[in-house]
Amino acid sequence: MIQLFADAPAGRPKPAAYLLAAYAAWFPAASVFICVVDPGVGSARRGLIAEADGRLYVGPDNGLFELVLRRAARASCWEIGWRPTALSASFHGRDLFAPVAGRLARGEMPAAMASRALPRGYPDWPDDLPEIVYIDHYGNALTGLRGQCLPATARLAAGGHSIAHADTFAAVPPGDTFWYVNSNGLVEIAVNAGRADRMLGLAVASPIEILA
Amino acid sequence: MIQLFADAPAGRPKPAAYLLAAYAAWFPAASVFICVVDPGVGSARRGLIAEADGRLYVGPDNGLFELVLRRAARASCWEIGWRPTALSASFHGRDLFAPVAGRLARGEMPAAMASRALPRGYPDWPDDLPEIVYIDHYGNALTGLRGQCLPATARLAAGGHSIAHADTFAAVPPGDTFWYVNSNGLVEIAVNAGRADRMLGLAVASPIEILA
Amino acid sequence: MIQLFADAPAGRPKPAAYLLAAYAAWFPAASVFICVVDPGVGSARRGLIAEADGRLYVGPDNGLFELVLRRAARASCWEIGWRPTALSASFHGRDLFAPVAGRLARGEMPAAMASRALPRGYPDWPDDLPEIVYIDHYGNALTGLRGQCLPATARLAAGGHSIAHADTFAAVPPGDTFWYVNSNGLVEIAVNAGRADRMLGLAVASPIEILA
């Protein structure tokens, strides 16, 4: 059991979806992900099991799985029909998704607790998102852009600054801002020995512009 | 092993006691809880083992177990007499309570390391506490009131606001404040897609008034 | 597996080195520590395995192990030559140090993945560091001074205050500042029922003066 994020973008499935797609790609087939960014909990929104390239995802039908499904060579989706004896109105992560994920991790088939369904689609979401999707513990600002989108010669505009590429932190002087392709393949804006979020005024959903 | 709270109310056994009683109720008999909200560590305050409805609790004699004991159908209490070879003056959670909890979890009897005793009593603490006892990661403000105290028609006054009930976040517009019975049975004050602590100026120990 | 610090001093190997030496001393021989305070990741800095009094350490050659090595009765050091198939430029903790630590924990010898080498030396770092090396969750300010450096009659100057010794929190009135030897043997500055960092304006690297 690994806790990938203790602080995924609160109440924001869209940035979380780009983050999930980038991070899940490093896990082996048959990994099960419980994904809980769930502002609609307790409403009529459905619960889903998604299978994408052999990995399994459990969570709300709110776009969280849009990018893992879109990028997968093989994908299937089920609506969770099973219900626990006690289902709170505000914590389906604990009451519904965790038991379903546990059963999947033990080898049960999705069809034992869910029926085939199409997820809600988000066709207007781009393949790569030119926005900040996460601020990490150090103040680095992750974007929803995969590194393959950008040549190393590209500059980014964010928070009123124009930002050039560097390979890693130690390649620029302390205090300098740069962008690089992080260890999960996402374009990330950082400051050597500093906090990019504070220096550039960045937060989740802040827009990024590619200057070419 | 589960870490129930990494950030229980610092140095405040009273709100922590209401939080513990609400959360522990979901655990099976024979669960062992190490409870460390211990501002008196290193003073003459005693260390206790409490048994309440089959669950075991280890921690300081400062009121932390007042509510689990008061609400239990069957309860016993022991003062810990065992001492480790090295006992620091400031971290009995590590040096004293953790080894005792480990021995209990392996099946040893309380009497092997402790002798029967009455805990210090806090008769002036109410059965339900009309105060904020915890602010969670999202800024939701948990009270020490159990949901069964309040009809859904009740309004709460907190931070100068009058707050109505809703079933869950998605039942009110973004930015609206409401109270609901959370997934552990406590009355919680929240803002849909916002932070109740900042919007209402709430912190641990802030008083709540029930308006009828 | 234990996570000793989720928030070691960001990008600062020097205070982290004093913290590591104090905390590691409590672990049994054959313990393996992955140490990742690594501002030079991706540069030419080397990766090391250090063995000190039977404990094993894996991390960058940037001073992190200076104090554990200096204080050890027996010490050896190796430069990591092994490389993973995929090595990111910015997260050697995951790609390089974690797999090496895993192999050591399974009983492989350092020589299987590394060759004997001398670590970079930091002879100008003192044996005990009169600076704040860590602010904990409660706002207590840990110094790089071991308790044995100071008689209980000593006063410390920090943040413009003169601070006397007490044995533990409960020995002083709420709101009072004191220093004590914490449960890991380091001199720590604290406020009973308050935050020393805010009351005294302390942060990692703030200097401490011993007033005698």
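Letters are used for the chains, namely A, B and C, taken in the order the chains are written, and counting of residues starts over at 1 for each.
In this section, contacts are C-beta pairs under 8 Å (C-beta built on N, C-alpha and C of every residue); 3 or more make two chains touch, one makes a residue touch a chain.
What you see is a predicted model; the values in this text were computed from it and never measured.
Student: Specify the contact topology among the chains shown, as one of line, ring, star, complete or other.
Tutor: Topology of the interface graph: complete, with all chain pairs in contact.
Student: Specify, for the interface formed by the sequence copies chain B and chain C, whether it is same or different in terms of residue numbers shared by both sides, with half as the dividing line.
Tutor: On the two sides of the chain C and chain B interface, the residue numbers are mostly different, under half being shared.
Student: Could you report, rounded to a multiple of 5°, the rotation needed to superpose chain A's C-alpha atoms on chain B?
Tutor: Fitting chain A to chain B on C-alpha positions yields an angle of 120 degrees.
Student: At what distance in angstrom does the C-alpha mean of chain C lie from that of chain B?
Tutor: About 33 Å, centre to centre.
Student: Where does chain A touch two or more other chains at once, residue-wise?
Tutor: If we look for residues of chain A contacting two or more partner chains, we find none.
Student: Using the touch rule from the top, collect the residues of chain A that touch chain B in their complex.
Tutor: Per the touch definition, chain A meets chain B at residues 7, 10-11, 39-43, 45, 88-91, 94-95.
Student: Under the definition above, what is the set of chain C residues touching chain B in their complex?
Tutor: Chain C reaches chain B through residues 137-138, 167-171, 180, 182-183, 192-193.
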